[in-house]
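Residue numbering begins at 1 within each chain, and the chains themselves are lettered A, B, C and D in the order written.
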Amino acid sequence: MKIKMIELTVDANPNAVVSELARLGLWVSPMRDQEGQVRALKVDPASAVVDQATLEAISGVRRVLGGASAHPLVDTLAHRPLKVAGFTFGEVSPWSAEGHDGRSPLLIAGPCSFESAEIVLEVARVVAEAGGLWLRGGAYKPRTSPYSFQGEGAKALTWARRAADRYGLSLVTEALSEEEVDVVSAQADLIQIGTRNMQNFALLKRVGQSGKPVLLKRGLCATIDEWLLAGEYLMKHGAEAVVFCERGLRHYDPSTRNLLDLGAAALMKYQYGLPVVVDPSHAAGRRDLIAPLSRAAIAMGVDGLMIETHPDPGLAKSDAAQALSSEELKELSASLGVHPARAPYQGTETALPFNPNTAEPLSVQRSLS
Amino acid sequence: MKIKMIELTVDANPNAVVSELARLGLWVSPMRDQEGQVRALKVDPASAVVDQATLEAISGVRRVLGGASAHPLVDTLAHRPLKVAGFTFGEVSPWSAEGHDGRSPLLIAGPCSFESAEIVLEVARVVAEAGGLWLRGGAYKPRTSPYSFQGEGAKALTWARRAADRYGLSLVTEALSEEEVDVVSAQADLIQIGTRNMQNFALLKRVGQSGKPVLLKRGLCATIDEWLLAGEYLMKHGAEAVVFCERGLRHYDPSTRNLLDLGAAALMKYQYGLPVVVDPSHAAGRRDLIAPLSRAAIAMGVDGLMIETHPDPGLAKSDAAQALSSEELKELSASLGVHPARAPYQGTETALPFNPNTAEPLSVQRSLS
Amino acid sequence: MKIKMIELTVDANPNAVVSELARLGLWVSPMRDQEGQVRALKVDPASAVVDQATLEAISGVRRVLGGASAHPLVDTLAHRPLKVAGFTFGEVSPWSAEGHDGRSPLLIAGPCSFESAEIVLEVARVVAEAGGLWLRGGAYKPRTSPYSFQGEGAKALTWARRAADRYGLSLVTEALSEEEVDVVSAQADLIQIGTRNMQNFALLKRVGQSGKPVLLKRGLCATIDEWLLAGEYLMKHGAEAVVFCERGLRHYDPSTRNLLDLGAAALMKYQYGLPVVVDPSHAAGRRDLIAPLSRAAIAMGVDGLMIETHPDPGLAKSDAAQALSSEELKELSASLGVHPARAPYQGTETALPFNPNTAEPLSVQRSLS
Amino acid sequence: MKIKMIELTVDANPNAVVSELARLGLWVSPMRDQEGQVRALKVDPASAVVDQATLEAISGVRRVLGGASAHPLVDTLAHRPLKVAGFTFGEVSPWSAEGHDGRSPLLIAGPCSFESAEIVLEVARVVAEAGGLWLRGGAYKPRTSPYSFQGEGAKALTWARRAADRYGLSLVTEALSEEEVDVVSAQADLIQIGTRNMQNFALLKRVGQSGKPVLLKRGLCATIDEWLLAGEYLMKHGAEAVVFCERGLRHYDPSTRNLLDLGAAALMKYQYGLPVVVDPSHAAGRRDLIAPLSRAAIAMGVDGLMIETHPDPGLAKSDAAQALSSEELKELSASLGVHPARAPYQGTETALPFNPNTAEPLSVQRSLS
């Protein structure tokens, strides 16, 4: 039960109770009756979480009131590792003075969209070499303009599945439409719900019904409660599990594309005990901030990092300016100390199937406008 | 020069130029003439920073345009360590795979307000023992309500100075009023400008005139540019230096008091090369998130952490619910691997001058209401 | 063409050009070359709209650059009345010193959800008597929690169609799911896309394919450009027309549920010339502010008002606290001077088919929690 | 007392109480004990205001709890006209179906800054001719950059006083610095606190001590409660009265400079009964939206409109692009039906003291950059 109200006994000393609550990290405001007597204390939502018994043991507290959790199914995921397609979210060891102990958060990387079989193979190889365990990318792309590149569709899913399999990666990819859920579900290990669909309830139900685990991106201005309830939609309709992905909020300063809310990620991780992934690529929208924000997210205790990469960012059909090149991804991964659960990929695939030098540049239409 | 526009040659292939720019991390939008020809590319502010020569070397680029820096004096602080009162901001080593190398960011800690000589002495001792180098706290408090505790005033400055001196700490404290600047300046090593005064231009001028270095907190919804220009006011009127402090933005989710904008801190640190401190206490407003956000800030590369602490948070006259106890501060500091430049304080001051057990609880008025 | 950049001649006097542009309402910033010469002026998006010829006639202006409209199909709706199901959006006369001339904006009213055949009939009668021309309400409800009432579904559409027909009203109702589009399209005169689905691109495509006109609510934190592009998705896929509905933005002050952005509505109406409806019920979320915000919207020049009403708000299954009672709706309508294009409904239906006195109260679960 | 909590009797039917409260416009959430019994209902701040006796008369309600007003002095201004310098805020008649009855809200107009004696005289004449009762403008200007024009200072106050007197206007002007309060107070009828100083508590105290009435602009992201408490600071320190001015909030869409929050203005006017002025010039930041937003504000019930004007906006040293020309101001005023309490100024001053044709254009530095 989330505690929202503390009733006082008739003879309570409100000041003493308030002091005791402050010691425990609770912000409260006095609720007075008509005579001005403090009869209860309302608990501010930004308070630390304290268990009921501790509060009821305080002298002057008559009873605590609150609300049942609004997301009982999501709560079943709390405070335990979550195994998806052979890899586990939530096994990060507690951070310590000695630093990260080697059980890394998962690296999830890939292109904005799966543009061709060759590019996807090349990316998968690079991701595996960088110690990544998951390939990400889109076959169906949510684009602000109907005239922008909308993704390669169903065939791109087969490219991605094949590439992931060849390099021992799991696959996460987005379902945009109710109609596509079956085909996405057939190929993906983890189905992504994108930021703009976090409250597309019809899609949440349909994806839930697939039974697959889901990576749920936070909406552009979603509250934590709305995010949790979107997860509850998925679970109620059958999703095996939900991994929550913070990717930055809409904000008013154009210097970064979005505002990464690491406090929300910390809350999801530590107050709710849920699996949390951070996407610094979409948050910053600028290549030069991906490394520092990645370090921050890992140190905060995140279970995974989701990074955009492309063999030649200059030719990417979407999000080009924020994608890391293959070399940059490997450098980032090395600098983060990503130690994969398995040995890095050591295959014999040396031929580069994608040759950026002969590929054709795209229309300027794709750029932000 | 901040590059904002890229003019193309008459025979440029805009697509090829856009690709090249994407490779460098630039988001651009095409500027067309009446015939629909792309004549220039507008650079989105969320782009990575690239030097002018690199851009001008691209085939098809005629000329780059931009604006002179709007804050030339702040720019003089960039990319160099900043020594203030014997301690240096900006000497953090680059983060590496091996982790933090021991040259810690500075720990700045203290109570929300300097409530009595005894409490301040006790806090200073604890801060020193925790490896902190700076004592923080307020003699004059900016409070939303005129009926809230407004700070102990000038006498509290002398308590703080004495306590800082006894334990070898430097002192940072806020000036709220133009009239108080001289008295604050006489005692403080670093004058704080609070969040609500970031664009109090009269105060910025007056504090600048003191010549002292300044800790400039970011406004509740200030843009990066406004923050830099507030720093420029200080420098133009005489401030020796400015340290920028990110402490969270106003937002719509009540689960945390403010929204910590680590992306902005990263931008200030890596794009502008300026000294940056993060205040996770005000950002989170909840004791249970201070540790993970502190770890994130350090890993991101911050030059200092500013933490609220109180010997007995239950008795603090303001911000009680977010203050760490003395034990909690020491634990946090240890877990962060704070290794002070000097040996931790090993004094013989064993008597606790402040006894929380006999102190009197305060009115419930102080709580959030 | 939206003008975004003004190139100067080599011998231009930038100050003189800036003055001339300010006279026309343009905010600009100088773009300088490496020598500091002003070569171009970037036009701030918050500038008044001025035609190209006027700008090019200014001495010192070499050429204006900009972007083609990103939403050519939406532009075809501009600056003309839009007839939908017999009623016309956009025939409001220009506001004048004499006040409103009698050609009212359209009143669109109805319950949050179509809860029973009886309630819908009763509401339709009241809406007609109040001079309303459109019945609104939901058969499928987007709810934040999966445990909240989700609407009565397909059968509710037939209740609504029958009720609208009996009282000579047109019908607007929301499609939530791609699968429901056909059944909604079969009954509705205007299909609503809800706030949380404004960027549900799969739904936009599917609804567009129905060919029906669409009422497009603005997303919780959508930019004007995103809103226009969502309309473009609808038109590109076949929608006959789009009516834009402003219903308030997510914000940080809990005193109102949302923040009504009348400036955005004014921009859509006067800069873009598009049909605009305002929903003060969702914006304010409080019954006592619906009248003043309705007056404001009408005076601003809106083409329609969308109001929530229920025969007994105390029994409404959703949005109870913001619904007007039947009497309140009639009072509001009278006070706004709504003069319907046709005579008010004068039927002989006197029996109240819905009796609030015998209806059963609902679970407290429906309340905000 | 603001009601925040409703305790239920032991045998209450919570559903029935919730229904009754919804009828009254209250959003509530159930507070349960450990057994899941609903013991109290928390009232959402976005609820309509209902008096205590009505709530306590509901069957099942044991007691209502709340908080005393945090701003008792501001409350003394509520629901009564406020006479300042001969003119009255708050005498607007209730809006009716017949339209505005002739007792207009006050027109407050003038330049962004008082640039010269000649310009101020000219503006004052135009304001008087337009039916305005108040001259506005700044002698001291709060500017984001220290290099922008900072106002003409003390001498500009004497220009403004003389000009106001000659044309029978009252004068409102801003105090930026504690040191300037006396000189501003000596000339102004109403002292303005600017947006960026709304929580400059030292200035609020000092301006309050002058005893003068104050026009308090809302902060860029201030809550209603913070705005009221800033007013309370003024009153507590001696201000005769406070007029509240809504001027738009910081937001994320660059199409308008700020986001006009008419819902907040409505709340201040109708929930709190306070004198409210709206500034559409700063809100929109674009000349073409000033008229529709002005009409909206008047229809909503505002007590005054504050408009920027300049004899030649092209030469204004600040805010040039949003200032109305003299002709535009008169047209706006006529279209709004401004009927001054006194006959429009009919003086014999025909010579234009300011000749825009010979005045010198300013540096491009003043533009947004």
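Methods note: contacts are C-beta pairs under 8 Å (C-beta built on N, C-alpha and C of every residue); 3 or more make two chains touch, one makes a residue touch a chain.
Model, not experiment: these values are computed from the prediction.
> Taking each chain's centre as the mean of its CA atoms, which one is farthest from the centre of chain D?
A
> If I rank B-D and B-C by number of C-beta contact pairs, which comes first?
B-D
> Need the CA-centroid distance for the pair chain B / chain D, whole Å please.
Using C-alpha averages as centres, the distance is 32 Å.
> Using mean C-alpha positions as chain centres, tell me how far chain B is from chain C in Å, no decimals.
Chain centroid spacing, chain B to chain C, equals 42 Å.
> Check each residue of chain A and list the ones that touch at least two other chains.
29-30, 67, 221, 225, 250-252, 254, 369
> Within the complex, which stretch of chain C touches chain A?
67, 70, 142-147, 176-180, 196-197, 199-203, 219-221, 225-226, 229, 232-233, 236-237, 250, 369
> Which residues of chain C touch chain D in their complex?
Per the touch definition, chain C meets chain D at residues 13-16, 18-23, 25-30, 38, 41, 44-49, 95-97, 99-100, 221, 223-225, 248-249, 251-257, 259-264, 266-267, 269-271, 283-289, 292-293, 295-301, 312-316, 320-322, 325, 334-337, 361-364, 367-369.
> In their complex, what parts of chain A are in touch with chain D?
1, 4-5, 7, 29-34, 36, 39-40, 42, 52, 63-68, 250-252, 254
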